[in-house]
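Each structure below appears as structure tokens.
First subunit A sits with subunit B, and in the next complex the same chain sits with subunit C.
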Partner chain A sequence: MKSFLPSLTVAVAMALGTPALAQQSGGTLNMIVQPEPPGLVVGIWQNAPTQLVAGDIYESLLRYDTDLQPMPSLAHDWSISDDGLTYTFHLHEGVLWHDGEPFSADDVVFSVDVLLRETHPRLRASLVHVDTIEAPDDNTVVFTLSEPFGPFIGIFEVGTMPILPRHIYEGTDFANNPMNATPIGTGPFRFNEWRQGSYIHLVRNEDYYLDGRPHVDEVYYHVIPDGASRAVAFETGVVDVLPGGSVEYFDIERIMALPNTCITDSGWEYFGPLSWLWLNNHEGPMADVNARRAVMHALDREFMRDAIWAGRGELATGPLSSSTRFFDEDLPSIGYDPDLAREFLAASDYDGQTLNLLPLPYGETWQRAAEVARQNLIDVGFNVNLVATDVAGWNQRTSDWDFDLAFTFLYQYGDPALGVARTYVESNIERGSPWNNVSGYRNPELDALWDAAAVSTSEEERQEIYSEIQRRLIEDVPNAWLHELGFPTIYRCNIHDLVTTAIGLNDGTRDVWIEQ
Partner chain B sequence: MTRSPLILAWRRFAQNRGAVIGLAILLVVVIVALLGPTLMPQSPWRMVGRPFLPPLTDGALPLGTDAVGRDVLTGLVHGARVSLMVGLVSTMVALLIGVPVGALAGYFGGWVDDALMRFTEFFQTIPSFALAIVLLAIFQPSLFWIILTIAIVSWPPVARLVRGEVLSLRTREYIEAAILSGQTSLQIIIRQVLPNALPPIIVLASLMVATAILLESSLSFLGLGDPNVMSWGYMIGAARTVLRTAWWLSFIPGIAILLTVLALNLIGEGLNDALNPRLQRREE
Partner chain C sequence: MVRFILARLVKAAFILLAILVLNFSLIHAAPGDPAAVMAGEAGATDEQFLEDLRRRFGLDQPFHVQLWIYIKGAVQLDLGYSYRRGMPVAELIWDRLPATLLLTATAFFISIIFGVIAGVAAAARQGRWSDSIISTLALLFYATPLFWVALMAALLFSVTLGWLPGFGYETVGANHTGFARALDIGRHLVLPATTLGLFFTAIYVRMTRASMLEVSRLDFVKTARAKGLSPGVIQRRHVLRNALLPVITLAGLQAGQIVGGAVLTETVFAWPGIGRLMFEAISQRDYNVLLGVFFVSAAMVLLFNLITDIVYVIVDPRIRITQ
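Right, the complex of A and B next:
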């Protein structure tokens, strides 16, 4: 009998298995935010840690599922006119700001047309296609475009277009508004307390417009400056969720050995972080296409992924991340092939010059990646010198084109027109920024294709053009694409519905529930 | 029968058992540094096995592999050459700065002494490691600048020591005789003063080599080393992030540094016994 009881318990537990479990309310969610954000009002601050916490406090009109299809958020319904020029959003009724004031379409118009236009450069770049933003009534917002802009439906994400309260910000100096210290949003959680250097505490918004949401009572974002201490905080149960980037990659395996520990790479589809080596197309050995092809095939990216990124993420197959729209999976291979690399090198003008390789100065993991890349390149016959820099030096050298090869990674924001074109079109070659077309790739034919794809209203046509662009870029290898980076979220398995959208934790913890 | 002073010095050196052990260790390190890279021509950066292979599990890779599968033994052997070279060259450079400064200050005295010693003190007031970090942040962290930086932060004690020696030698009668015989100041400093000040400089230099090796290792540990050169400090710095999963990656190069620095210190002590003039007189 004694030995029978435990197995019965197990059997009962199994019968109650996950699908049958009802969502439970209550509980406290302990997360990590790293590093400490400069402020919590997203739209005024764009930093990654701001976006993580702000997703609980603020909302945008839409959310996106992991296939980047729009889902309701503040807007429960929307429509796009056939000519692709008019976007109409119908907002939830009875939504209140955290201070009790009613939310209306005027808040949306003010946030986008006035506040974010001033404070948010990335959104501003998309708003150039917008002619007017109007609120015909309290619950309807209409965006009228001056020309069709294919990726437009993809910019209603909370980090790109957060809706802020007009009654607090109108007529004020947005960046220095005293209310920035006590953020007021429409989201499922209210701001309660921020103890600098220790934690940010949010509590359940009792007046939230979706019945029964959120499920948990309070959320703590803990600030722990050291990676090893963050790992220990999870091991000792102080925190239950480690957002991507909280712990070093080499710690993941050890943490995953703990009981009741789950991991997911999902929640980054919208950003599609892709790493690559800038190759200096302006001048020097990398201006030769065959030398660039040699670099591309010399890199053992599978080894890099497994040894350095702890096996997380995927190998890049071209300029687009596989989660970005219009990704073409049927492309010529850019895989590891040292013999092919040697052939391309022999066909190139390269005659033994020492190449300067800039690692990304974001810590040991990136340094190891640069060391592996250097060895891969040396193995096929390049001479490579690793240049030691700090973040300021890296910014300066890349934006001044003072390198032969340089590590970087950028977000793609779901659509090639938003996050990919910027690094390949000639109009975006300009000294002074490490985020534009740094490699200096010039191809007027492709520039015309990028333009055509951005304003096309036909999905098929866009796919056709972007597939063509991807093939042509792989032919020219302006950059050596490395990895679709995985920023895994690690959490206790009894926390459910943690990552449900394409921006993952940045969309807040509205749907999270904790199995007691 | 007269014995040459060199043999006498060696006898006194050999009486210090620690010094002999130190010399033996250093000889091994020097031989490894000279011959190792010829015997193991493989680049220490090459990935040769699976990452995190523990020591003594694979005959071809006796000390295992690091976080990206590089052979630890090859790294250790190539690192010996780098560490020794940094130690020796930077000490030479420091002597080249410190000896003339100290000799001039001690010999001429007066305002020359004041000026040179205030200049020396300017360097001595800044903690040497902090100064090294600042200098390397300004320069490129390449082997050349690392050696120069270490020399720049370690010459002041040499200058002070040489000044003190020269000050006491300056008043000796044979110096006065040299002056009277019409030798120039430069000749006197080089021919009469410095040879007699040599013993304490040699002792100090042996300790400076040890300090320089430690300094290079500390800088590499902080990521301020030359990223193209495999040194012991780099190996520890790269391994510290995986200390909890692969402690031996820090431990093995750490032992190498410990033994080398210990050997140099023991030798310094032995040299002190051998070259100290006071002991020499007592024996005679």
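Right, the complex of A and C next:
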């Protein structure tokens, strides 16, 4: 399994044209975290800012390269039985927790089977396929599944399955454990200080088990609440890395004009963030498939991408991101075609009702995207009203299906069974969450296909089924897919190996080195 | 005097209680709750997760029970716990208080000193070009949105000129101590304090100028002039002292905002104060933090109203406290 890694690294290095520089040690890395996380213990909190910082402190069994192939992390080796039911992981020896206690397979069993099962809804959904998790010895963990689960090898990244210290959490109230304020992990950096409202400071873990890692001495995550000020922070040299989403897209051009400034869209392959408009299939004008098709073809997504998203990202071609496994690139077009949209609209039952369009309240860029969409829809004959809202209000309205169209974007976690099926299967229609099948799309035939694909052990069969699903969804247009979002990371060019995996900065800064 | 103060304090306590109940009801009427926001930020959730969070936050209780628990705590000065931030609210506010007080107090003194001086100067030179300049500038700053001024100031003095830090409370990672640290914080303070102070400076200028001109036309000023007093003494002792009353009213208002009034400035300049805490608490529906900040702000407003009334008496002996 691991033998192809060295050649792959070389191939990646050649493809990127990285000059063969000697890695240098030392230096301070100044980054942005936004918004301020509620806590740093990933697994207990699953917020995006928590994951960004926690990737330095905590580790998981595996990492994934940008093609979503597993790489070693706490596990240096692993194997999957032929029937797809037994996953065996061999752990690094001599790994220590930041408080000096030895790490062992028991920590893994406890973390997954006890702690995360209680605190982590997304992992909990995957663990229903797991029969037992056992530690035959200190350095081996065996997961036994009750049925094959195709995407299983893809759930071992640090945001999904972080390994937490058993000696600190066992028998405690996890969420209120006082040690949550001073996180203890196995990662390349130790927690040092969190000055609320200002910064989080991590320092090099001198006892880290990989020789020579990490290269930098300390990492600061600056908390700066205003987007324009975050741009200023980079311009004045206070921070050197702007993780994806730190600055508004219309500021990118100005920032990129600075000397020694690099940008990359990589590091989001595992998430495959895809944006779309929820279309309310439950009731109202959007319950009509022709009205939905009209919406789909009315949207000038290329203009939106170029004008609003600063040209970053790609147009969605269907329900799957192109970086998600089993993506089919050969699908019927869902492109911009206002004449076709008017035809569909004429064939629908729509008779001029005002549609409520909910923008995503994540800043000015999303607001502008919503204004473009509104204009596009008006152009083909819809009446559209933009609903002003904030994050909590947006959550409430989408969870209660109180909208006609609503902007959103979701992660796909590398596999359609993990991150895509949840949006379309009938069993996932339930009020109270903005992340399930909010639009209320019902198709029992497809539900059976989703189920079959998830438990198949044959890659070919899975591809076949998922291709079929993608085609059928495009026909029904349960949602209007918008963009494969590009969340570019902006950084000084003398910072090397910043983004090396499919979750990018969320995997921490273990490999980063700064050219002095 | 003592009876007056006591009576006012008792009244203030009831007002405060009413404010608490009102705030609590208003906040709970807003759509969404903290559990949904936290689940939303996680990007995935299920019913069990939300229920766990709501139970932890105490949101599974009926509204009146939540209100009663909160009021009971608040009268014992227990402002509750922020589950969002994993800290008692009082500790959070206490933690952020120094930064906010430093900012707002500096802005307060900047605006009152510069505002009154510029206002007096403008009044003394009424109609001349220096008066026009001062009045025009005051009008300009009065009309310009704070948010915009803040951003432009950061761009000009921090990015373009590089004279001053554009945001933050101190240089992160510099580990300054003693005087070096004070100097560092001082440098960070210049832009936010000036920005915050500009608006009030403008108001003080306009207020002082108008008030000075009005008083200087009164008969007792003519008398003073007829007595042969020097213009400087007339301005200081006779005109200014009488013209200050409206300024004090305004200063009382500004002082009341000393805790919660710097939301925009603190957000733009990443100043780790209470205004920002409040701003973030609103979008996160962090009820307890929000109520805590409102509580402290309301208490401050009531306190400074009382102080203003007392200062009136000291400045203008004609005003008497009536029981």
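Here, the second predicted complex is superposed on the first by the 498 of 516 C-alpha atoms of A that agree within 3 Å, B and C clash if a C-alpha of one lies under 4 Å from a C-alpha of the other, contacts with A are read in each partner's own complex, and residues count from 1 in each chain.
Just so we're on the same page, a residue touches a chain if its C-beta (ideal position, glycine included) is under 8 Å from a C-beta of that chain, and two chains touch if they have at least 3 such contacts.
Computed from a prediction, not measured in an experiment: that's the story for all the values here.
Trainee: Could you check whether subunit B and subunit C clash or fit when both are placed on subunit A?
Mentor: Fit.
Trainee: Go through the superposed model and pick first if A:Q353 touches only subunit B, second if only subunit C, both, or neither.
Mentor: The answer is neither, since A:Q353 touches no partner chain.
Trainee: Looking at A:A307 after the superposition, I want to know if it touches subunit B, subunit C, both of them or none. Which is it: first, second, both, neither?
Mentor: Touch partner of A:A307: subunit B, not subunit C.
Trainee: Name the contact category of A:E248: first (subunit B only), second (subunit C only), both, or neither.
Mentor: first
Trainee: Return first, second, both or neither, reflecting whether A:N383 touches subunit B, subunit C, both chains, or no partner chain.
Mentor: A:N383 sits against neither subunit B nor subunit C.
Trainee: Report the partner of subunit A that touches more of its residues: subunit B or subunit C.
Mentor: Touching more of subunit A: C.
Trainee: Does the superposition put A:S458 against subunit B (first), subunit C (second), both, or neither?
Mentor: In the superposition, A:S458 contacts neither subunit B nor subunit C.
Trainee: In the superposed arrangement, which partner chain does A:R374 touch: subunit B (first), subunit C (second), both, or neither?
Mentor: first
Trainee: With the two structures placed on a shared chain A, what shortest C-alpha distance in Å links subunit B and subunit C?
Mentor: 7
Trainee: Taking the two structures together, which residues of subunit A meet both subunit B and subunit C?
Mentor: 228, 390
Trainee: Residues of subunit A touching subunit B in their complex?
Mentor: 228, 248, 250-251, 253-254, 303, 307-308, 359, 364, 367-368, 370-372, 374-375, 378-379, 385-388, 390
Trainee: Under the stated contact criterion, what part of subunit A meets subunit C in this complex?
Mentor: Touch residues, subunit A against subunit C: 28, 30, 35-36, 38-39, 45-48, 121-122, 124-125, 175-176, 180-181, 195-199, 201, 218, 220, 222-226, 228-229, 232-233, 235-236, 238, 389-397, 399, 410-411, 430, 432-435.
Trainee: Residues of subunit C touching subunit A in their complex?
Mentor: Those in contact with subunit A are residues 30-33, 36-50, 52, 56, 84-87, 92, 95-96, 99, 151, 154-155, 158-159, 162, 165-169, 172-173, 267-270, 272-273, 276-277, 279-280, 282-285.
Trainee: Spell out the residues on subunit B that touch subunit A in their complex, using ranges where they run on.
Mentor: 43, 45-47, 51, 67-69, 137, 140-141, 223-224, 226-228, 238, 241-242, 244-245
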